[in-house]
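The two complexes that follow have chain A in common; it is paired with chain B in the first and with chain C in the second.
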Partner chain A sequence: MVSLTRSGDRTLEEKEALLGYALIAPSLLLIAAVILYPVLYNIYLSFTAVPLSPAESPEWIGLQHYQDLLGSGQFWSALWTTVVFTFFSTTLATLGGLGAALLFNRKFRGRRFARGLVLLPYVAPLISIAFVWRFMLDPLYGIVPYVGSDVLGLYGGDIDLLSNDRTALWSVIFVDAWRYFPFAFLMLIARVQAIPSDMYEAAKIDGASRFAQFKDITLAELKYILATVFLLRWIWNFNKFADIWLLTRQVETLPVYAYTVAFANYQHGQAAAISMVLFLALIGFVLVYVAWILDW
Partner chain B sequence: MSTKSTYRHTVDSFKNALGLGNQTIETSLYERLIFYIALGLSLFVTLFPFYYMTVASLSPESSLYSLPPTLIPDELTLTHYRTVFGPETFPFLTYFKNSFIVATVTAGASVLVATFGAYSFARLDYKGRGIFSRGVLMVYMFSGILLVVPMFQVIVWLGFVDSLWSLFITYLVQTLPVSLYMLGNYFRSIPEEIEEAAIMDGYSRLEVIFKITLPLSAPAIVAVFFFTFMIAWNEYLFASIFLESQGVYTLPIGIEALASGFHQVWGEIMAASLLTSIPLIVMFMYLEKYMVEGLTFGAVEG
Partner chain C sequence: MAELTLHDVTKVYDDTDGAVTAVDGIDLTVQDGEFLVLVGPSGCGKSTTLRMIAGLETVTDGEITIGERTVHHLAPSERDLAMVFQSYALYKRMTARGNLGYGLKHSTDLKADDREQRVQETAELLGIEELLDDKPEAMSGGQKQRVALGRAIVREPSVFLLDEPLSNLDAKLRSHMRTELQRIQEEVGVTAVYVTHDQTEAMTMADRLAIMDAGVLQQVAPPEVAYDHPANEFVGTFLGSPAMNVFDAVVRERGDEYVVEHDGRTFARVPTGAVERNLLDADVRLGLRPEDLHVDTSLDDAAATCRFEASVTVSEYQGNDNFVYLEAGEQSLTARVPPAVYPDPGSEVDVAVAAEDVYLFEPTTGDAIKTRGIDAERIETRPT
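Right, the complex of A and B next:
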């Protein structure tokens, strides 16, 4: 690739190119070794039975793991839980972010400071967030069950919101939306502020109602950024593991399912197949979404 | 745009130019009331858990385990903090130290490797650059859960199980794409003429990088450092499988072990949670401006 002239000198372009390769090489080597290789290895593992002892090599069993998955009720239920969790936590976080962005579009004293405060759930460490919510949802002394059941009487007491079958998923969805709405807020606020105010002025003069202004100006202007925020959050929520796992063991999404199969049952080959299905389902969703909704 | 609004716009412009503009927002008292209620509610929902964490960490056992829950404590106590810092119950300081070492080393290495890589993407011209830089972004599609099984095998093979090296290598590579992206964007925003002028003056490319580009990029480098620090500080998935003994636990693993090992230790858990949050919140307050870009790009598995 590098041609040396007779005197051994290189041209300036060649030197630049060489330096370019030299500077990017460490990044590329690391990514190839610690991301690309594991991803390819994961594909291989999903077709094998992985023995417990690392000294023995995996045994090729073809599509067995995938066939087992398709016939397993636990797998389909985990897939459904993943879709429900992802859809509602993503929608709630996006709507929450939109609401906050519209509120903060208005000038008020202390706006900059308040904006920093709104980002706190997203900035604080996950472990702290998970445990403060577990404390607040604690069935004996938690403040949420106290207010919800003793004060407001919304439901009969004695329900552990995080371990009850029917409420665990919704509690996790709510906490996740609470933690990640600041992301949507950050993405949207800049775009909201960029909508020219004369558009609203003009609409007002033309007699458009508040709702019409919101629908025809705000939403129309924010359509693409909203769709992008939704897609990004969808991707991340679909793969979510720690946020769910640290709150409760009752919500089994595909990542949680893969984790327990791998590290509680030690079936690494089966777990590799689950994570492959997770990945393919996500890619499938992204392609359909981009083609049909974003219309790129 | 309608003629009416053009007319209105023109009139307003003249008014503004003459200093007659009506700058205050014309809203009724009713509207303002609704606005402040909505704002107050949003801030309440956002901030209440943090307030409650603080109060619980400072409340005596008697008020933690009684109903109704204490919102404004009658008496404050540092008992929980003493337990957290004392060596008897659980080695919080060891966890803190481990997390700090992993996060600092990861962030330092990530900045170092990514600075060179990002400069190469931003300024140097060579075959394959476009594919490389787009490929690095594509890597971002691979989630932690997809990597966790094969990475476990790799870490076992390398003999890094139960050592902080396993986390260092994993976090370094997982944060590289974000670092490359953020630094690359920043380098591209520096006017190329400055560097060209230095080359005319006889600087070599490496001298340009060290003497001109890096000093100009200090804000971005600091932001990337703290951003990767934050990702390493938060990580749970890989740490939960690579680490086995208490001596190497990081904060997320250690606090989880405390919660599952004991009953009714909410005061201690809240104190530990608050102490874990402080480094990130302090950094964020100082660096908010720089971190917003990184946050919108999203953490690894944000």
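Right, the complex of A and C next:
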């Protein structure tokens, strides 16, 4: 910028810039205090051994925690579980939301009421949902084992779906997808309703089949919002702790692993290193995703 | 290329709010290669009629045929027609090439090379070759319009349907596209049905007009015929701008002339021979087109001319001619006069009306009793 100032004076642009900095300073300070400081402190902790007594200060041990993690089977298994959980729960929630949005795009009696009901899983308190599902999945008196094994005979009813290590992950994925599909639904329904109907009419005259119309018009129009919903749900599901923890102790994702390390084993430095890995993995995924899929 | 026939076509919307007849027993034949304009006010059923032809609405009753084929039970894509929408309805995520080729891909067996060839030819016809790799969002209104036209033309349909295709364009582009559309239609030689509420568009483009009101077809005729010889009062007032002055009047006989009076004033004189029926003491609706009210000028044929006095309320300068708003007694009239005539508000003027320019309509049914001319002859075809 060319400065036309006489000595001591500021140009209009400089004054505007100063005002701008002054206006964002409070929020910058707030963010620094409540977000930046904990993050930096966490990074610091991940390089230290944190003693139990608050009177002693952490001891610098360098990359020791990270080396331990890379050599630990439990860590790799937790990372894998996290990826599987995130991928399937995100995909299912997004597809469920898409299906519901398409269904609700046509007019029917009681549509507004039904739309309110669809949002229920998303707005109900997590704790009640977790306990309702634990009750419904209970091998003794749950309705899911009753229908699944006694009525339909899909599996032996004596399996505890939430505690069996072969079924626990899938049960959690299913409950999570069920709980969060209304979010995808909400985001998608607005876009679905904004697709002009005359494009479908033009396609009818052009002879496009229903599937071709869905692929070439509906999906094409929803591409960006679908990708955005998927990304948001991916971020949230990758960090998900409470939903999993309240349902079962059998599914160990990275957040759950970090929690147990921190508060069951009291290895806060190690837990900090786990959350750093979680953080970096997520950042890496988001960058790749935004660069390749979401060409904004 | 084919003839399109509508036989007693009816559309009734039957829902919880009750049954509404949107289109009531339309009989219409569009000749092979003809450009027919379906015109009428909003809600008259013209778009519904077009959508029934297209197959986007079901037909409650009646029959639609294209050439030898009965089509009203067929899917839109099986009717061998193409449609241009008011909003263009381009596939937003596809390039112009994709838009043009989409119909060929889905409703013909053409190979990719042949499809590409057809798309290229159509693009050349419309002058949109450079646009082929652009998406609609990068195009102007006129360009989108051309792509939408191209999408219809490329399929080489028997019938071309256009639903107010020019109404989203600005005035200048619209008149340009009007001539462009006519050129293309002539070049392609396809049967076309064009829906509009804009009577200028209708008058300038149509081979024949089909004028609709309240779901009923009022008249089908070439524009000149419909304008000079409207079948009824609705057609008379709908065509022409400013609209025809129409008001209640009563007919008296004086010698061999009918004298048409309103509120004790004589507004028109017509030789009795010009009208087939005996109109003595009949109530009528008198119609006078604004351009037929001659203000402060002498008409040659003094015998058949009626003169009356009126006072000027407002004179409106329009450039190529002026609109003069008049009061004759209680009756308001609009006159369209040459630019040189510009009377001051409040001034008294002489208004002359020639007998051949007098329109008379039946007051109850609105049917025309007398239209332009004094020999009571109906002109059935386009004058040469």
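Just so we're on the same page, the second predicted complex is superposed on the first by the 265 of 296 C-alpha atoms of A that agree within 3 Å, B and C clash if a C-alpha of one lies under 4 Å from a C-alpha of the other, contacts with A are read in each partner's own complex, and residues count from 1 in each chain.
Basically, a contact is a pair of C-beta atoms (placed from the backbone, for glycine too) under 8 Å apart; a residue touches a chain by one contact, two chains touch by 3 or more.
Worth saying up front: this structure is predicted, and the values here are computed from it rather than measured.
By the touch criterion defined above, A:Ile143 reaches chain B but does not reach chain C. When the two complexes are overlaid on their common chain A, residue A:Val123 makes contact with chain B while staying clear of chain C. When the shared chain is aligned, no partner comes close enough to touch A:Ile159: not chain B, not chain C.
Once chain A of one complex is fitted onto chain A of the other, the partner contacts of A:Ala281 are absent, as it touches neither chain B nor chain C. Look at A:Leu232: by the touch rule set out above, it reaches chain B but stays clear of chain C.
Residue contacts after overlaying the shared chain place A:Ile205 against chain B and chain C alike.
With both structures placed on the common chain, the touch criterion links A:Asp216 to chain C but leaves chain B unconnected. The residues of chain A shared by its contacts with chain B and with chain C are 198-199, 201-202, 205-206. Residues of chain C touching chain A in their complex: 54-56, 75-78, 81-83, 85, 87, 89-94, 102-103, 106-107, 151, 155.
Across the interface of their complex, chain A is touched by residues 1-2, 4-5, 8-9, 25, 35, 38-39, 42-43, 45-47, 49-50, 52-53, 56, 64-69, 71, 113-114, 116-117, 119-121, 124-127, 129, 132, 136, 139, 141-154, 156-157, 169-170, 172-174, 176-177, 180, 205-206, 230, 233-234, 236-237, 241, 251-252, 255-256, 259, 266, 269-270, 273-274, 276-277, 280-281, 284-285, 288, 292, 295-296, 298, 301-302 of chain B. Taken together, the chain A residues at the contact with chain B in this complex read 13, 15-17, 19-21, 23-24, 26-28, 30-31, 33-39, 41-42, 45, 50, 54, 99-100, 103, 106-108, 114, 116-129, 131-136, 138, 140-143, 146, 150, 178, 180, 182-183, 186-187, 198-199, 201-202, 205-206, 232, 235-236, 239-242, 245-246, 255, 258-259, 262-263, 268, 271-272, 275-276, 278-279, 283. Of all residues in chain A, only 196, 198-199, 201-209, 212, 216-217, 220-221, 223 touch chain C in the complex they form.
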